[in-house]
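Consider the two complexes below, in which chain A is the common component and chain B and chain C are the respective partners.
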Partner chain A sequence: MGSRKLQTHIAPSGYKLPSIHAFPPFFCFQPAAKTRVSQDDQWVQLILSYARFRRLFTLTVDDAEKTGSDWEEVLINERINRRLTKQQVRTLLQMLVARGQATYEPPRQDDSVLLYWRKPGEWAEVLHSWAVSTGQLNTIMTFYEIQAPSLPSELSDIPTPLLKRAIDILTKTNRAQIIESGEGDGVRFFAGS
Partner chain B sequence: MALRRGAGLAAFERHKADIQSYATLSESLTRQSLDALEVQLDHFRMTLQRFASSHREDIKKDPEFRAQFQQMCISIGVDPLAGPQKGGWWAEMLGMGDWQYELGVQIVDVCVGTRDKNGGMIDMRELLRLLNKLRGIAVLEGKESSTPGAVTEEDVLRSIKTLKPLGAGYEIIHIGSRKMVRSIVKELDMDQAKVLEIAESVGGKVWAELVAEAAGWPVDRAVAALENMLLRDGSCWIDDQDPEASAVYWVISVLEWE
Partner chain C sequence: MAASIAALFGFNSKLPKITKRDKAILDMKHQRDNLRQYQKRIQWILDQETQLAKEALRKGEKEKARRALRRKKYQESLLQQTDGQLEQLEQLVANIEFSLIEVSVMHGLKQGNEVLAQIHKEMSIESVEQLMSETREAIEYQREIDEMLSSKMTADEEDEVLKELEAIQQELAPTVALPDVPTTVPVKVGTPVKEPTPLADEEDRVAVPA
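On to the complex of A and B.
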């Protein structure tokens, strides 16, 4: 019969799934420690790259075993009839959090994470550059104006907890200030040094 | 929310003006960042050269370190084996002039770099493919000897012979009709060799009963051989969702990856 070639696959979303995704044991956590590390690395890489591709910010345990979820293409491979269980996804979430690639959101539960395909520090820089390049320094902006700007930006649809974290980081270097108001929070950006 | 933009004609005009000023701005930003990037890259290349000459010994001695160093070179577009001099940039930096020895280094790099995936046993064809990819030579499988500049099987065999005195334990092993390069210093036990041969003949996926029947062994012996490969050698992966058996083993070195 000779060897079997594991192929990459273009998913309906246009994302190119790596050949490891067509490898049935990829969906079974490996007992040998070194193999497992390599497997974990590949899952983490796949999840983050897919999230970046589709601009997905959250991954939850309920995304497993569910058709029609945003994550279906990754967590299920119909072509080889393999899927990750909820428990396996929970383990992946733990790993993402332990590696600093995600954070539990909301805190104090382990079913759902906010993914850091960009770290909060990088988001802070993106946010600040955007404020500078669109001439928004020194004026008060609402979070809504950042999340749904008239011209779509890299920050469109950024979840509020992540936006807050990015602003917090800018606050520490005096490049932003939170303005609290009854109608919802706002922020003012400064050029900084 | 009094700050949100209005929807009147003024807002439309402002929107148009916005677009224009973004365009001008983005142009100047792109130019600036390109200039800055070039300066950074030059600087980085210089630093890399300094790093290579001061860590020459480590790079030569430690294959994992060397693999990482090489990866660093590749990620910024420096091919350590390319260059104006014979033997290339690498030779200049590290004083390794001999083409054969350099190929040896690349063989070690590929073998070490893929060890986690294949347990230290790589198919000759896969090795050739990766070596030629590393060297940036496009070559069709099996057409190495007719492609100018491509590394051929004979080159690899000769290089492995050159590596022998170093005690690196690189060896060619014949499994069925295929040649494998083994890079782990370990005796390949007979049972494992048999499993590899069976896996090769069925396309990589095996389970205890199948191995037992093909080899004429009791099932326990097949289980032991497979578990050894799984846990001790890392040369296969287990799958618990296969309908054919509760534990199915995929022998990595028999598979091809796109």
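On to the complex of A and C.
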């Protein structure tokens, strides 16, 4: 015991896993309160940073104990034969939501969250500066245009609930306007003050 | 206060109203997106059929492979049709948006024209002439005041004014920089002298013992 050196590890996706990910007790929630808090911090940090790296927007209980999921590299460490259980992932989700780093999506369940590796306020700014820099002000746009542009952008694949939240924030400062229609909603951006 | 209450309730006079035209444009863009999504789906089906045909051939099921390829061909023809439709729709959307820009440019030109006309109205020839004659009158008036002031002065006063002017001029004139008095005896040109001899009084000072 203790002779094995903890090292960072480059996952197949190219993500550099922190050395703690190779520490077996990391995969088991610690009973001592102080240790547990620091462990929670590390997990939250790891999840958000991995999500940002791979542009993952959701984490679900189902991602645990499953090979081939987007989260396999983080939730499973085969080199030390450790993995998080579904129950542990559910606890992680609770923690993320309690810290405001995620929100249950859809609401009123606790199986799946929308991750905020950028807070909705930050997404609002990204969205607005994208609209300005691509000359999309004062034009009516569909959500699909923003989510699936022909050339990938910073907003590619952004989930609709998150996009709506960001637009809502912009409407409060007169920088966007939602246009409702039978076919689906659209948005119009303005320069704002 | 009123503004913040209005903002609370979502009223906003600053934002443009959403018109029926806006909704029509949005609907058209949605149609365009639907077509794009449809194309994505067909592309996926095409890839699948190709995969299927390959697998069937590997297993030696030639008939199955042929059927898959036939289906693929059909889907390809659909894809081509949607290509044409998509192009039409995109052109229509682009034309409408361009027309909207033209309308706003026209509006801008119209406003500019109105402003220009108004400025011209303010600058009518009569008012310009009046202004010019008023200016001329003002100059004339100033000259009269000058004349009156100078004619009321006596010859003495006039002299004093000139004197004061001279004094100020002298004050302002730059002082002439004069060269310093030389400390050496001038040397006759042509006589070779090693060093200029110091002045006599200086020599005396050195000679007297203490």
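Just so it is clear, the second predicted complex is superposed on the first by the 189 of 193 C-alpha atoms of A that agree within 3 Å, B and C clash if a C-alpha of one lies under 4 Å from a C-alpha of the other, contacts with A are read in each partner's own complex, and residues count from 1 in each chain.
Basically, contacts are C-beta pairs under 8 Å (C-beta built on N, C-alpha and C of every residue); 3 or more make two chains touch, one makes a residue touch a chain.
These figures come from a predicted structure and were not determined experimentally.
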item: Partner chain(s) touched by A:Phe190 [first = chain B, second = chain C, both, neither]; value: second
item: Chain B versus chain C as contact partner of A:Thr142, first or second or both or neither; value: both
item: Comparing the two partners chain B and chain C, which touches a greater set of residues in chain A; value: B
item: Contacts of A:Gly121 with chain B and chain C, given as first, second, both or neither; value: neither
item: First, second, both or neither for A:Ile179, with chain B first and chain C second; value: second
item: First (chain B), second (chain C), both or neither touched by A:Pro25; value: first
item: Chain B/chain C common contact set on chain A; value: 139-142, 144-145, 183-184, 186
item: Touching residues (chain side chain B, partner chain A) in the complex; value: 1, 3-5, 15, 18-19, 21-22, 25-26, 29, 116-117, 123, 200-205, 230-231, 234, 237-242, 248, 250, 254-258
item: Touching residues on chain C, where the partner in the complex is chain A; value: 7, 12, 14-16, 18, 22-23, 25-27, 29-31, 33, 36-37, 97
item: Complex contact set, residues of chain A against chain B; value: 1-8, 19-20, 23-28, 30-32, 34-35, 37-39, 81-83, 133-135, 139-142, 144-145, 150-151, 183-184, 186
item: Residue ranges of chain A in contact with chain C within the complex; value: 139-142, 144-145, 148, 172, 174, 177, 179, 181-184, 186, 188, 190
